[in-house]
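So, here come the structures, one by one.
You will see chain A twice below: alongside chain B first, and alongside chain C after that.
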Partner chain A sequence: MALDSTPKGWRSGVRYALLIVMAVIILFPIYTTIIASLKPGNRVLRNPLVPDSFTLDVLGDAWTQGRLGRYLWNSAVVAVLVTAFQLITSIASAYAFSFLRFPLKRFFFAIFMATLLVPFEVTLLINRRTVDSLGWLNTYQGLAVPFLATAFGTFLLRQVFMQIPKDLNEAASMDGLGHWGFMREVAVPLVRPTLGALGLFSFLASWNQYLWPTMITTEDDMNTIQSGLRLLRSSDLDKPNLIMAGTIIAAVPILVVLVVFQRQLVRGLTAGAVKG
Partner chain B sequence: MFSRGKYGRGVASIRLVGVSKHFGDVKAVDNVSLDIADREFMILLGPSGCGKSTLLRTIAGLEDPTAGEVFIGDRMVNDVLPKDRDVAMVFQSYALYPHKSVRANIEFPLKVRGIDKTERAEAANQAAEVLGLTPYLDRKPGALSGGQRQRVALARAIVRRPAVFCMDEPLSNLDAKLRAETRAEIVALHHRLEATFVYVTHDQVEAMTMGTRIAVMRDGVIEQVGSPQEVYDKPASVFVAQFIGTPPMNIFPAGTLEPGAHLVGGRPEDTTIARDQGVAATVVLVEHLGHEAQVVCAVDDQTRAIVRMNPSDVLPRNGDTVRLNVPVEARHRFDSASGARVD
Partner chain C sequence: MSGATKRRWRDVPLAVAMLGPSLVVLIAFVLYPLGRAVWLGQQRCNVQATKCRSVGWGQYTDVLMSNEFQSAVWVTVKFALITVPVGLALGVGLAVLADKHMRHIGFFRTVFSSTVATSVAVASLMWLFLLQPSVGVLANIGWLNDIFPVIKEPGLLNDKGTALSSVAISSIWANLGFTFIIITAGLQGIPRELQESAFVDGAGGWRRFTNVTLPLLGPTLLFTTVVLTSRAFQAYGEIDLLTNGGPVPQQSTTTVTYLIYGSSSIIKSNEGLKAAVAVLLFVILLGLSALQFRGLGKRVHYGS
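Up next, the complex of A and B:
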C-alpha cells in the first residue's frame, strides 16, 4: 500500500493541477465580467483584475438605459414557448417512432435524424424569408416558431422510450389504456429525468440565441436579452462596463432556472433508479 | 367476495378453432384447436419455443392469430381489443408500473375503466388483503421483493374480477421455496375466484400440481390434452412421455424389450434390473439422492435408461453389465416412426 501511494499521489496531483488550470481558463472571463460590472465606469480600465472599488450603479444603469426588463421578458416568453413546444413535439414524435407501427417508419426516422446534419446557419436565410413573408418579423411567433420541433429531442426521447419494457406496454393495453393513456400515464412519467434534461437544454439554447433574434428584430421592443445586449454596447461609450453589467443581469435568470431544474433533475434520476 | 364478472361479462369458457400464428416463416402456433371449460385451470406446458406463450397471448389478444378463431364464452373475440375481452394477464416480468405505488398499481385497471375513487380503494384493499399486501400499499414496486411484486401483479389482475386469467410463467423469476408457496396461493386463488385460468409453464411440477388439465405443446402443436394423471399414465407420444416425469420415461429401441417394430417405454420406477431377462445395458452412473438411487444405464450409443432403486438394495457399480426389464402391464408402446402411442 505504501509503495502504491506515491505514484497515485503524484498522478492525482497532476490531475488536480490540470483541473485547476481548466477551471481558471473557464472562470477567468466570468470573474473579470463580475469585477468590471461592479466598478464605476471610469475605473474599469485601471487594474481591471483587482476589485478595488465597488458600486451597483452600473448594474442599475444597464437595467434602465438598456431596457433589460423588456428584453428579459421577451427572452422568457420565447424560451418558455420553445421549451414547452419542443417537449411536446419531441414526446409525440418519439412516442410514434418507439411504440406505433406504421409503414416506412425507419425511413421517416432516418429523414428526421438527417435534419441533425443540417446546421442552423444553412437554413437561416430561407427561414428569415419565410418568417418575413408570413409577416412575423418583430413578433414572438417569428422568434419562436422555427424552433418548436427538434430532431435531437426526438432522438433522445426515442432512445429512452425504447428502454421501456414491452411487457409494460402490453400490461397497459390489458388494463385498458390506449396510446394516449399509455403515453400520459406510463411512458412520460417514466422518462421524466430525460424530459428534465431536454427541457433544460432547450431553455438554455433558446435563451442564448443571438443570431436569429438579431436577424428578425428591427424594433427595439422585440429584442431578446442577447440581441438587446448588443444595443447596450453601442449606447454609451464612456461606460465600457455597461455591457458587462448587462451580461450579468442576463445570466441571473438562467442561473435560477439551472438551480431549480437541477433539483428536479436529481429527484427524477433517483426516482428512475428504482425500477419495478 | 371476488364474484366474477362485476366489470366484465362473466362467461368464461374458451374455444380455439384452428388457431395459427406465424411470424414470417416460423409457425409459432400451428392449427391448434382446444376447448377450455368454464372455471378450468388449464396448463399450457412445453419446452421453450413450443408456442405456448404465443397461444396464451392470442387468447389475451396481445397477438392476432394468422388463422383460426378464438371464442371466449360464445363470443368470437378475434377482433376484440385485449381490454374488452374480460381477460387479465399476469406477466413473467410482473410488468408493474415502477413509478406508481402498490395501491395505484392495483387500482389502475379500475381507474382506466372510470370506476369511482371509493369503490376503487375498496377493491384494492380487498385484493391486497387476499394477497397479504396490505402493509405494502404505499410502497413503490422497486421497494418490494420478487415474491411481493408477483403478488402485486396478481392483485392487479384479480381486482378487475375478470372471467379469464392468463398467466405467462408467473413463477419463473422466484426462488424454489417461494415458488412452491406461490404455487399453492395461485391454486387457492383459483378456487376462490371461480374463474378460468390459463397458465403457461415449462415446469412439469407446476403443471402436474396446479392444473385440472394439461395441454402439452411441441413445435406449435398440441401433442396431448388431459388431466395430469392421464398425461402421466398414458402419454400420447414419446415426446410427452419424456417431457412429463422426472426422470423421463425410458424408451427402448424397437425389438429389444419385446418383438415388433414399435418402441417400448417404461417409467424409471417401473424399470427393474433383472438377472436373466431383458435388454442388456451397461451401468454408466449411479446417483445417490438419499431417498432413492438412480442408476443410469447405456442401452446403446444413443439410448440411456434410468432405474430408480431403493438405496438400501444392492446397487450395481459403474461398468457393470445388467439386464433391464419392464413388467408387461407397465409398458407403453409407441410407433417408431411417428412416436405416437399405439396401444
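Up next, the complex of A and C:
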C-alpha cells in the first residue's frame, strides 16, 4: 500500500495534532456534562472544567427525583413495540408486493410510496386530534400506533425480495411449500441482514422521538426519556448538575445499544436514505 | 371462471391480510392527516379547537404573505445554510483525517462517531449547560468572559445576533457523529487502486483529494446533504430546549417547525393557521427534495 507507507515524520505529527484537537473539541460538551454530574450542587459553578470533588449522589437524585427509571422504561416499551411491528408489517407488505398477484397492485404500491414524501411534522398536528378522540393520550398505544407501519421498510425489503428468482417461488409452491413456508424458509432468511439494519434504524428513530411524546403526554407517568428530559429542564434549572446527571443517564442505554449493534450501525444509518 | 382469472384472484385474501395492517396505519396516520391538514388550513377555529369554520383558501395566501411566516422561513433557511455546509465540511474533514492506518486511529474514530449516540434532547441539554449565562460552563470561565462579554450578558442564547448560530453549533455537533460515520463508510468504498494510480501519476495530496476522492464520494455527499437539509428544516427539539424560539421580540430562532408546534409560538392557539403553515412546510420540503435530486444528481459520479 503505497499511500499508507509511513508518511514523513512531520506529516504524521501534524495529523496527530489535528486529530487530538478535534477529539478535544468534540468531547468537550460530554466532558463538562460528566464532570458536573459528579459534583455536589454547591461546587458545580466553581471550576466547571476541573473534577475537584466527587459524589454519586447527584446521579442517584436524578434517578429518583427525575423518575428517569420510569421514563426509560416507557421509551423502551414504545421503541420495542414500534420496532417489532415495523419489522412484521414491513415483511408482510413487502412480501405481498413481491410475490402475490392481486388487482390494483401498482396503485397500492404507489400509495405506500407517496407516504414517504410526507414528513411527520406535517401530520402530527392532526394525529394528536385522532389520538385524543380515540382516548389514547397518555397511553402506550398513543405513543406507538402512528408509527407501527413504515413504507420505507416495505420498500427496503421489497428491493431484496425482488432479487429472488420468480422460478424459485413457483417451484416452492409446486413442492407444496406454500407462501408461509416460502417466506419462512427462503424469503426471511435472505433479508436477515437488511432486517438488522432496519430494526436498528426503527429503534433509534422511535427512541429519539421528541416532538410526538411531548405533544400527547400530559401525565408524568407516561413521559418517554426525551419528553422527561424536557420536564427536568423546565423544573430544575437551578440545579444544573441534576439536569446533567439526567442527561448522562438518558444517554447510556442508547450507547449500549450502539455498541452491541455496531455491525448494523452503518447500514442502519444509511438505510434512512429514502426517508431522510 | 377461466384459469388465468382464478390465479389472479387466488392470492387476494392473503394480500388483504398482509397489506391490511400497514395500509390502515399509513392511511390513518399519514394520508388522512395530510388531507385533513390541507382542509383545516383554510379554517378558523376557536381556542379549544372544538369549533372550526371555513374562511376560504385565501388563508393560505395570508399566511404566505405574513411577516411571521416569512421570518420563520428565513430563519429556517439561515439555519440550514449554517448547519449543512459546516456539518458536511467537518464530516468530510474528520473522515479524511481519520482515514489512515495509524496507531490509535480506532480511538479517534470512536470519538468522532460518539455524538451519534446523543438524542436531540441529550445534545441540547449538554449545550444548554455550556451556553446558559448564569449556570453555564462558559459563563463561569473568567478569562473567556473578558474577551467575549456576550457570554454572560445577555448570554449567547439570549442575544439576537448569536442565538441562531449557537443553536446551529449544538445541532452541527449532534449530527457530526452521523455525518462522520456515513462519509467514512463512503471513503472506504473508494477503490484503493484509484488513489494509488493517482499517486503514481504524481498527484499531490490535495489534487488526489479534489480529483479522485471528492468526485467518487459524490453519492455519499448527496445523501448526507439531503439528510442534513431535511433535519435542518425539521429542527425542533434543540430550539424548544435552548431558546424557545426567542429571543423576543425578534423571534430570531423561530423556525417553521417551531412556528407550528412551539409552546411560545405566536400562533400556538390557532389550529387553522398551524395547519396552513404545516401544509406550506410540506410544499417547501417537496420542492427542496426535487431540487436537490435534480441539481446535485447531475454532478454526481456513480462509481462502479
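Everything that follows uses one rule, which is that the second predicted complex is superposed on the first by the 203 of 276 C-alpha atoms of A that agree within 3 Å, B and C clash if a C-alpha of one lies under 4 Å from a C-alpha of the other, contacts with A are read in each partner's own complex, and residues count from 1 in each chain.
Methods note: a contact is a pair of C-beta atoms (placed from the backbone, for glycine too) under 8 Å apart; a residue touches a chain by one contact, two chains touch by 3 or more.
No experiment lies behind these values; they were computed from the predicted model shown.
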{"item": "Partner chain(s) touched by A:Met244 [first = chain B, second = chain C, both, neither]", "value": "second"}
{"item": "Which superposed partner A:Ala149 touches (first chain B, second chain C, both, neither)", "value": "second"}
{"item": "Chain B versus chain C as contact partner of A:Thr33, first or second or both or neither", "value": "second"}
{"item": "Which partner reaches more residues of chain A (counting touched residues only), chain B or chain C", "value": "C"}
{"item": "Touching partner for A:Leu190 - first (chain B), second (chain C), both, neither", "value": "first"}
{"item": "Which of chain B and chain C A:Asp175 touches, first, second, both or neither", "value": "first"}
{"item": "Touching both chain C and chain B, counted on chain A across the two superposed complexes", "value": "276"}
{"item": "Residues of chain A touching chain C in the complex", "value": "1-4, 12, 15-16, 18-19, 22-23, 26-30, 32-33, 36, 44-46, 48-49, 89-90, 92-93, 95-97, 100-103, 108, 111-112, 114-115, 117-127, 129-130, 145-149, 151, 154, 179, 207-208, 210-211, 214-215, 225-226, 229-230, 233, 237-238, 240, 243-244, 246-247, 250-251, 254-255, 258, 265-266, 269-270, 272-273, 276"}
{"item": "Chain B - residues contacting chain A, complex", "value": "60-62, 81-83, 87-89, 91-99, 108-109, 112-113, 140-143, 149, 156"}
{"item": "Of all residues in chain C, those that touch chain A in their complex", "value": "7-12, 14-15, 17-19, 21-34, 36-37, 40, 49, 94, 97-98, 100-102, 108, 111-112, 114-123, 125-130, 132, 135-137, 140-141, 173, 176, 178, 181-182, 185, 192, 195-196, 199-200, 223, 226-227, 230-231, 234, 236-237, 240-241, 257, 260-261, 271, 274-275, 278-279, 281-282, 285-286, 289"}
{"item": "Interface residues, chain A side, partner chain B - complex", "value": "165, 167-168, 170-177, 181, 185-186, 189-190, 271, 274-276"}
